[in-house]
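These notes open a run of structures that come right after.
Look at the two complexes coming up: chain A is in both, with chain B in one and chain C in the other.
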Partner chain A sequence: MSGVAGLGTDRAAATGALQAVRHRPPRSLTHPPHQGVLLVAPALAFVVVFVLAPLAFAVYMSMTDWPLIGSYEFTGLSNYLGVAQDPVFWRSVGYTVLYTAIVTLPILVLGYVLAVVVRSNRRGSTLFRTIFFLPYVIGLTTLSFLLVLEAQPDSGAVNVVLRWLGITDGSTAWLADGRLATGLICVMIVWGVSGLTMVLLMGGMQGVPREVHESAEIDGATWWQRERSITIPMIRRTIAMSLVISVIGSLLAFTQFYVLTRGGPGTETQTVVMYIYQRGFVQLQLGAASALSIVLVVVVGLVTAAQFRLLREKD
Partner chain B sequence: MSTTAPSTPTAARPAPRPARSPRGGSPGPSSTGRAESRTKLVLYVVGGTLASLVFLVPLVWSVLRSFQPNDVIVSASPTWQQVFQLSLDNFRALFAGDAQIARAVGNSLVVSISTAVLTAVLATLAGYGFGRFRFRGRNWLFGLVVVTMMVPFQAIITPLYLQMNAMGLTDSRLGLVLFYSTVNLPFGVFVMRNAFETIPDEIEDSARVDGAGTFRSLVSVLRPLLLPGIATSALYAFLASWTEFLGALTFLTDDRLYTLPLSLVNLQSGAYGAVDFGYLVAGAVIAMVPCVVLYVALQRFYVAGLASGAVKG
Partner chain C sequence: MELHRRNVLGLGGLAALSALLPSCASSLPEADVGATGFGQDGEGVVRLWCRAATVTGVRQTVDAFNASQDRITVEVTPVLDGQYVTKLATAIRGGNVPDVVDIDDINSMLFIYRDAFTDLTPLVRQLDFADALNPGQLGLATRDDRHYGVPYIADNSALFYNTELLERAGFSDPAEVTADFDGILEAARAVGALGDGTYGWTIEGNSAGILGFVVQPHVWASGDRTVVGDVGDQRAAVADSPSVRSTFELYRTMWEEGLMPRANFSGDGARWGADFRDGTVGMFPGNYSLAVLNADEEMRAKTGVVLLPGPDGGRATFAGGDNLCLPRGGANPSAAWEFVRFALDLPQQVDLPDGGYLPVRSDAATEEYRERHPLAVAPLEGIQDAYAPTTLAYNLLFNQPDSPWIAAFRQAVFDGDVDGGIETGQAGFTRVLEQAQL
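And now, the complex of A and B:
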């Protein structure tokens, strides 16, 4: 998910950016407009060539039977219909939603708890923050490769610990079983990405005035009462944002499943992005893959739009 | 709650409960306040330390693993002596012979450093334009850049592959650099625009009075003020591309161009001979090192970058 994670943070910034578009008085003498256009042109060119053009191309392709080589024909919406009728697609959707449903709340709760630990400016809080965030920085690709060995039957650390605790006999082949693999990957993800939620929530929490907390404490409010009636309402936009980042990250999950299970056994742990990859680059059905791409862009767009609505309403 | 890290041999403990204030009345803030803060402090230290172990032990264990030979790694019950019988053999083997991994590390370094530089340059220019200049359609264009952040590249990977293929940018490190730069650009532009906007106009104006042109004023006067923003966007771009997986998997087929994660897939599937977990874990640890070093050295930029998104959101 390292790429996904990168996008996640982008999204955090995007939220702010769209709300922070400000106006300045004209200062055309020192900053002639044409120079401004020249300065932003290269970045815009990248965005147009590598994001907008492929997006438009995808819409077009999704209505053809585009092969890797050779000519193509218009097929209208048949790709979309074909996808909608493919049980493997729906299984991958179901699996991705299940995976998202499993990891989202634990990531938020653990991220919140960690943020509570590091938000105070006590001695050592920076060190704790550094440590809690470390797995996220290392990235899911690397973490997934490390987990490959520790998930091996008998010799992997997961099994060694469970055997040592007397829970299993330590011979579990974690990655050969869909459910076990899912569970293991979920634990790794929660452990690995809660640090991001922590940093985001910490930023929000530090914006809550200290005095509010202190006066509530003097009035005899317990820790949880204070969190529930002061902190959480005040940082709800940050919470909403970190939720959207983690949900979108989960919906786009690919790397950890590719490395650890290859979607297997069978297609039991195949996520939507894996399914698209499979259709496009293994089965070479590029039209169908493009149709799927469009659907995914729309879904992610809807999740993001829902976030904007949420933020605007509660403002 | 699934806060345990079962991949660790020693410490698999739940994350700490947050500090809880003692029950009962509190007649005065001064007397009980001090006792309470001591309780809190103990909880903070104990809880924070336990949580740190949960996060650190698996990573430290993996580093230890990378110094173990394969037969110890796959052994069901290694002796303590074997566990701590460490050597550099895995790393030596990875960099010996036809040195696939060494080449992959080189590829990854070239690609991610170039991405960091290109992203920082493009983002700085665009940030200057968006933050300091007024031109028709400025807000609209900035909105366009920001909205592209929300288009997941995972979704457009198929048409993007065809397009890059047509442009001769597949199986090319340059292609990968351009792709990664695009993915990281919107965030960089956002950060740099904020950086330019927070610099007082007077500073730039005084440089102009002294006769510096647009680019000279940008470079000489503003550089120290912009360095945090530049570092943030470069660092993000580097870390995001260093172990990026799906794009590399899609755009590269020539294994001489493979980046580190793709080489690790080859190691994992035994493409270079029998699967050797020692090599795999050593390769993964190599992938870990730059992330950890850069993060620890530059974390104030990293966290500041995240916060800049979070606080406004």
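And now, the complex of A and C:
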């Protein structure tokens, strides 16, 4: 009896051991266990502390009436319901989308043209690259403050030039009118950030093998045919990346509007991030601002995913 | 040591928690202002934040205080007006606050309702001139009969006029002709008719703060209000006020008839009052600093001042200026109060017009004061009736570039749509007040 029982126990032990062997991941002969986790731990800790924890905290805050000063209470999803019923938020969303739609294509096209001009290693290319990239280096804040001065009626350079050209009488109040202000900001942005697109696309273009262009040229392809059939398809990923960066930047636009119009006149030039800033740091309602931020994060994530999907390479 | 996934996540969670806990702190500790010796024989450094717009007047007082004794040194940090609320709120949240703040009086309530300032009631009641303090400003630092600050400098709006232009236009008694809107319009037309680039009236039409400061008193002069009710239960009354309509109509008429400079459309405050000081404008709703301090002697000699009129008479002024408050958690509150007490003394108050501001004590209108600052007398005499709305949303309603008040004004005046402007104002005020209630 005991012998049979002992046999059964041995079988069970053998079966358990076999299962354990089956479920155990294959061991590396050269790396001790957990070495991979150890190696990524610093980066993981960094991401947890500086990305995931603040994000989780923001989600928590968005479910409270957290003020910048004072105590708070848990309010559940009321801030999110408030987002849905907030006409100013949705107006700012509409304005931000319009602004993004206006500037995205010109930034890409101008960036592409500039990249074509400077992509070769001809004499002077470096100088032009520097010149074209300079506005981006100067930064939006400085550019915006300069434009505040140069857009002044009668005295600003914009009005002086337009009067000299006979287009206006030079007294246009660019920043006191929503449409004019939007137009002016769009022109400044296209000029100011196309340099970044240029650098990104130039890097992609320089990675296209010269032999491909040469053989196409021998086959009689024109410049435009080579661009359309060789360059653009081969830098598709770079174009996608440029577009994603540009669109995200536009959806999160803040600096230029804060400096130039502060969202006015009225709320005509108020972007989403400006509105979130208002709720958080002017109205001191960090809970509501956090809810708006979470919604914005989700929207930007969805837009970016859609862009990558649309622009991904077809294998 | 073995590192398991569970350990990594645990450590991450602890790190996140330790990062978050400090930000969950509630109110900072309040100084015991009733303690024996509080506000006497203090020493060390007192950190004072002031508005950049009023730094001249503040420095004048601070320099005098620092020179008057050697126990306490007050250090001034000017903060841009547009960033003041945010920066102070952030400092309070971080627990690193200045000892005393010189804060725009209309923003005081925002912090008082969030228990950020020290209750100074016993100290204020001990002041032998407490009854003479600007009631409008003190009211903006008072909640439930408790004082959380004291008025320090007044910056009241008023109507300044060019006596020479008005006389040339046929008006020898400016106070009479500016008594109501009919008189103002008549005077503006007559001054405009003088030609040579003269205008009857001027205002910075694209500056939210200025429009709140000088346009609203026309409405208050008739007893109307744009915001009614107590904090926490306030509602918009823009559409209810006949005076708002009359005021917008007056401005629209003056704009359409070219009685105001074209530059008023885009005026953002950078050149506020410059045309008046140049002598080309008959009437200028502004403040003492701009109309008088920045003007040359010749212009001052032909400047007169009255408070802002209502549509059918009455006069009003904006209870603007700064309050001094002691944030909770300050490192040196006793010495800070010593400075506050010094700043309110008569010699310092009488000198304030030298820095462009007005005293907050009605008893400062001494003979010496009247002689030294004749154009600062009328605004000072009006402080007993000075008013500003007590609301947590003043910035949002009036001061921000996207505020509903400027939107309503511009629509009514520059777009010529008074009805639409009033609708915009009413809807905007309603939205902001709903969001800003406690």
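FYI, the second predicted complex is superposed on the first by the 248 of 315 C-alpha atoms of A that agree within 3 Å, B and C clash if a C-alpha of one lies under 4 Å from a C-alpha of the other, contacts with A are read in each partner's own complex, and residues count from 1 in each chain.
We adopt the following convention: a residue touches a chain if its C-beta (ideal position, glycine included) is under 8 Å from a C-beta of that chain, and two chains touch if they have at least 3 such contacts.
Fair warning: this is a prediction, and the values are worked out from it, not measured in the lab.
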Of chain C and chain B, partner touching more chain A residues: B
Chain B versus chain C as contact partner of A:Val116, first or second or both or neither: first
Chain B versus chain C as contact partner of A:Leu175, first or second or both or neither: second
Which of chain B and chain C A:His34 touches, first, second, both or neither: both
Touched partner set for A:Val212, first chain B, second chain C, both or neither: neither
Contacts of A:Thr267 with chain B and chain C, given as first, second, both or neither: second
Chain B versus chain C as contact partner of A:Phe281, first or second or both or neither: both
Which superposed partner A:Ala101 touches (first chain B, second chain C, both, neither): neither
First (chain B), second (chain C), both or neither touched by A:Phe132: first
First, second, both or neither for A:Ala53, with chain B first and chain C second: both
Residues of chain A that lie at the interface with chain B and also at the interface with chain C: 34, 37-38, 44, 49, 52-53, 57, 152, 154, 281
Chain C residues within the chain A interface of the complex: 2-5, 8-9, 11-13, 15-16, 19-20, 26-27, 85-86, 89-90, 92-93, 110-111, 114-116, 206, 208, 262-263, 265-266, 268, 393, 395-396, 400-402, 404, 406-407, 410, 424, 431, 435-436
Footprint of chain C on chain A - complex, ascending: 34, 37-38, 41, 44-45, 48-49, 52-53, 56-57, 67-71, 87-88, 152-154, 171, 173, 175-176, 261-267, 270, 278-279, 281-285, 288
